[in-house]
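In order of appearance the chains are A, B, C and D, and numbering begins at 1 in each one.
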Amino acid sequence: MNVAANAKTAGAAAPAAAAGTDAPITLIEAITQALAWEMRHDDSVVVLGEDVGVNGGVFRATAGLQQRFGPGRVLDTPLDETTIAGLTVGMAAMGMKPVAEAQFDGFMYPMVDHIVCHAARFRYRTRGRLHCPMVLRVPWGGGIRAPEHHSEANEAIFTNVPGLRVVMPSSPARAYGLLLAAIREPDPVIYFEPKRIYRQYKERVPDDGEALPLDVCYVLRDGTDITLVTWGAQVKETLEAADRLAEEGIGAEVIDVATLRPLDFATIAESVARTGRCVIVHEAPKTAGFGAEIAARLAEECMYDLLAPVERVAGYDTHIPLFRLEMKYLPSTARIVEAAKRALAAG
Amino acid sequence: MNVAANAKTAGAAAPAAAAGTDAPITLIEAITQALAWEMRHDDSVVVLGEDVGVNGGVFRATAGLQQRFGPGRVLDTPLDETTIAGLTVGMAAMGMKPVAEAQFDGFMYPMVDHIVCHAARFRYRTRGRLHCPMVLRVPWGGGIRAPEHHSEANEAIFTNVPGLRVVMPSSPARAYGLLLAAIREPDPVIYFEPKRIYRQYKERVPDDGEALPLDVCYVLRDGTDITLVTWGAQVKETLEAADRLAEEGIGAEVIDVATLRPLDFATIAESVARTGRCVIVHEAPKTAGFGAEIAARLAEECMYDLLAPVERVAGYDTHIPLFRLEMKYLPSTARIVEAAKRALAAG
Amino acid sequence: MAVAATFEIEYLQYLGPDGKPVGALPEHADPARMVELFRQMLFVRTFDSKAIALQRTGKLGTYASCLGHEATHVGIGAAMRPEDVFAPSYREYGAQFMRGVHPREVLMYWGGDERGNDFEIPRHDFPWCVPIATQCLHAAGAALAFKLRGEPRVAVTCCGDGGSSKTDTYAAINSAGAYDLPFVQCIINNGWAISVPRKAQTGARTLAQKGLAGGLYCLQVDGNDLFAVLEGMRRAMERARSGQGGSVVEFLTYRLHDHTTADDARRYRDEAEVKAAWEREPIARLRTWLTDNGHWDEERERAWAEECGRRVDAEIDAYLGTQVQPVEAMFDYLYADPPPDLLAQRAAAIAREQRA
Amino acid sequence: MAVAATFEIEYLQYLGPDGKPVGALPEHADPARMVELFRQMLFVRTFDSKAIALQRTGKLGTYASCLGHEATHVGIGAAMRPEDVFAPSYREYGAQFMRGVHPREVLMYWGGDERGNDFEIPRHDFPWCVPIATQCLHAAGAALAFKLRGEPRVAVTCCGDGGSSKTDTYAAINSAGAYDLPFVQCIINNGWAISVPRKAQTGARTLAQKGLAGGLYCLQVDGNDLFAVLEGMRRAMERARSGQGGSVVEFLTYRLHDHTTADDARRYRDEAEVKAAWEREPIARLRTWLTDNGHWDEERERAWAEECGRRVDAEIDAYLGTQVQPVEAMFDYLYADPPPDLLAQRAAAIAREQRA
């Protein structure tokens, strides 16, 4: 395959920033913008995955990057996720900063072995001699009327794994800042992209190379009556639920977890200390989803603050169905409102 | 490879039960006994894995089975876990009941894809036309002074996956009864074997083919002051902690979860309703371990019963170290007692 | 120089792109059968174009076309017996129709309804498989089951040129060799894996030679030549059925359509290449041979095309007429014996529906 | 019959099991170098037997012996340059010693201490790798990094006969071919994967031919013949360094010991086979040739054996003298920037230690 003999040359030969227009962009455009920024500023950043090259990725996240940075910086891989994961680990251990793409959430399972056994352990295993500064980008979640295995919320596979960071942005600005942070992070990061909101709305995201911290939750809306905690695409329904509650005079604080591992529990705890009530919303199946960890921390550390039982509004404990039924699987705004009202009525 | 052309013949030619001695046996002997029973009574049961044949498995779980049932019932596989998982799914879909072995917990990650994408979905995907009656046996957990990747508590990888059952026995009798149930179960079962207690003690396990229910928690000890919930090898330390607490006049109820998915939360809730206090003990890293799910359920459904914050005593959020340090990683009896006392002092 | 091993991989082609024989036809070539299979190929193409049209009008989800693969797909299906098992990827409708799968089932699957996988016939075939090449290992597992039970059945599976890079394909090939299984791995090399061309997948000169890694019988055939497809499959199936073990057959064909209806191949593929591929496509080729030899004519083609249209339309109507599954369908097929918590969620979901 | 592709895999052997040349020796064979490498082989064997003894007396954990693999391991190490990268499995100490790894580091690793992986030299080599064959893909990734950065370095990796079945090995081979990487896959065929014999792993006649699946250069060599090992590695390394792409080299050797000290090979392996294998083992073979040609004698052997004993004992002492890491070591190397919750656990663990 035609990969450039010298990535440095290819990088240097690339045209300067096409950015600076300052027009509002979508979440996925923010991802492209972050990749391009970091590739311009760090020669060791390399993008790899299936169809990420001339095709620009099936979602267009890498659109134009191979044209701009050359085939030595943006590599199509053979069709094998084990291959992608293993090559990525090897490249990272040799000092590159690979940003790999899993084409869809449902295709990342063959990557688990290399991520859990190696990416997450190189630093630990070698006492810091080698480490693994890689990012795995994963278009994540349901609701886009896609075929089977294109709609999975499988973040819980990684949240119990030491050595990883697990991130999920839910706005264009956070997508940009968190992806920059993920690439710069010296340890491996799984970067889930809520594909349902890839193009939900646009906002202005200055292409200034400013990263966001990788370990904080974002309070998207202040409120004193109840805390709604969520991440990923469900931020949409959760904010809608907050709107509906506001119509009834109920002030819901909305927290976007954004980084699941390590969890910034302090921000959640501080909110619940004020509101006394908490609804956790996520798309993944309820049982042993990451919402359980947040509820568990509340049970351990905030019991005396809680005025009502914690509520989880989540995917059902079954597979997300094919698209004729999928919207009945995903937590709806109505379900969130219901749960919030239950919590408000209790205690 | 020399596999018998006709498994039925091979099975029929095997000698009758070698059992009936009624001598006390260890947990791992109970596993062998269950495999042998079911192979004698069901021709469609086939054992496969690395070194399970003439060698009888690296832990001797399948000792003597190939000699007894022939190479058409007990198959060594090529050295590839993807292969084992994929073959197992295919065999199960064709009506066999394969019992596959992952040689160690740390080697099961390449199996995740076939288990999550296929074993757990054949029934769902085909509306019941095909299903996947398989068992994956996994020697699990730390504390045996083994090399790297031989000591992992990775059950949380599967507890969020719909369509699976996840089981972990902690006594010879439960190992026998739950393995029989797992093999008879028409849906896929991940059967984790706490290897640290494979040979911890012996008990009489009648070889009567009696399965145990796959969806109940076991109350190992009654108590009214506090509920200790655990599973797997940590049952050992948890019972020891209960002993120590008893010495101080504290009655600790000890629950062995045994089946993690589906969880029999009713048994736990009923106990906590009486004791008002709960310590969850597990070997896996704390954050987003399966203990979180139990704590979450308590926060949702038992908040008004709780007199003290829930406690989790778990592995640290780092990898289990190599064996010079591993016992400092695993939750000790002392840590459980400490947590229990904190819970008793609170509220 | 000492030699550890030598290998030779044969290439089969009987009919050139122009529809003229390049040499003697295979012994088994029977004109009546070729007509029957040609009709089947035409049926598949009719189905395919109507399915694409359905998607374009919003009545189907993403759909993977089989345009250009008709000889390969129909030939694979034709080589199998009902009791054999087929583990397809997601485009081999031609093979599936030969096995009894209803076109409406294909449409239901791509229409977002799991019931498409509940084939009325054949009950034991594997469903469509989206995670690339994982089905290959299931087929190997099925072949192992057949061998252990002493059943004279063969497991046939397909993957693409892209899928030949997938580690599962290697695992299937290797275990088929290790256990000497009645297993046929079809590698349908249509030149592209979405935007990635065949040559970027591997340094191997042929994809057939993937089979050498497992010691299987390897063969490369012109997948646009139905004679070659049938002969290649005949050899592989006979070997499997007679206990001579597994095979890898590479079919050289071309994906004339976009990867799926969600794809736009113009982004990455030269129109000239597609144009050239149309010169090699399987239907015109076989039509020429059949016509040249007096087995087919325009009149028969016109009549059959109409019949195909009618049959496909009836299937489309059946598809469009299905009701969406009730909400409880997502709970009902998860476990044989659903746990109480799941039943509680099911009840809540039903209640929610009734309220809505 | 049209032929799609043909392949031939060469077999290299220069010294027969009896230590007599079977033909002309390779051009590059240099007696002084052979003596040096022979001494290295003896050192490795001394180390190995003392490590086993340590384990038997409870001073080491499970240990994987390299008995019988000395020519293969030392030859692989000898073929590499310091700036190349080595991705071993878990037994190739001979290769690692050539690269600078200290015997005490081997002992620390098997003694349950992560610091064994913190090689003083070479800093960039991959650590031991327990999940079989996963290291092969890391080596391919390293080779890809070298190629992208234009560095004239080669990535060399080893797996066993068992490991050649692992899908990761195929993935490494295939990507090395797809990207034309400076990559050498050594397959060390020692006849057994724990209890599973080579023939049960695959139907492939040679393991070298696994490389055909990725279009790599394939070679089979007598792994107990240091001449053959060196010549095979020379070819593979030169190809890699000169941009001709990757290779698969199969080394035919034999595992003379149990799989590890936790294994008992008598359960599954015929003693007669082991006895026959001792007739082919690499050290006696090379000793005969060196002695026959006046490059070695009993006196030198005795002196060097003593020296080996002294050196290994010193390493053992260094190993036995290390303190266990403090409890915080399990937290300190997880993240470059550890999160607060982890630091809290660390503090609690330290406090617990101090109380105990």
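Things to note:
Please note the rule applied: a residue touches a chain if its C-beta (ideal position, glycine included) is under 8 Å from a C-beta of that chain, and two chains touch if they have at least 3 such contacts.
A quick note: this is a predicted structure, and the numbers were derived from the prediction, not measured.
Two chain pairs are in question, A-D and A-C; the one with more C-beta pairs in contact is A-D. Among the other chains, D has the CA centre that is most remote from the centre of subunit C. Centre-to-centre separation of subunit B and subunit C, using mean CA positions: 40 Å.
A straight line joining the Cα centres of subunit A and subunit C is 36 Å long.
For the pair subunit C and subunit D, the distance between C-alpha centroids works out to 43 Å. Within subunit D, contacts with two or more other chains are made by residues 114, 131, 165, 167-168, 171, 174, 178, 180, 200-202, 329, 334, 341-342. For subunit B, the set of residues that touch two or more other chains comprises 1, 78, 80, 82-83, 106, 109-110, 113, 117, 124-125, 148-149, 162-163, 263, 287, 317-319. The residues of subunit D lying in touch with subunit B in their complex are 61-62, 90, 109-114, 128, 130-132, 162-163, 165-167, 193-196, 199-202, 262-263, 267-268, 324-325, 327, 329-331, 334, 341-342, 345, 349, 352-353, 356.
Subunit C meets subunit D in the complex at residues 1-13, 165, 167-168, 170-171, 174, 176-178, 180, 200-206, 208-210, 212-216, 220, 245-246. For subunit A in complex with subunit B, the touching residues are 82, 106, 109-110, 112-113, 116-117, 120-121, 124-125, 148-149, 154, 156-157, 159-163, 261, 263, 284-285, 287-296, 298-301, 303-304, 306, 308-312, 317-319. Interface residues of subunit A, counted against subunit C in their complex, comprise 1, 50-51, 53-56, 58, 76, 78-80, 82-83, 106-107, 109-110, 145-150, 286-287, 316-319, 321-326, 328-329, 334-335. Residues 1, 3-9, 46, 72-73, 75, 77-78, 80, 82-83, 85-96, 113-114, 117-118, 122-131, 162-163, 185-187, 215, 262-263, 265 of subunit B touch subunit C in their complex.
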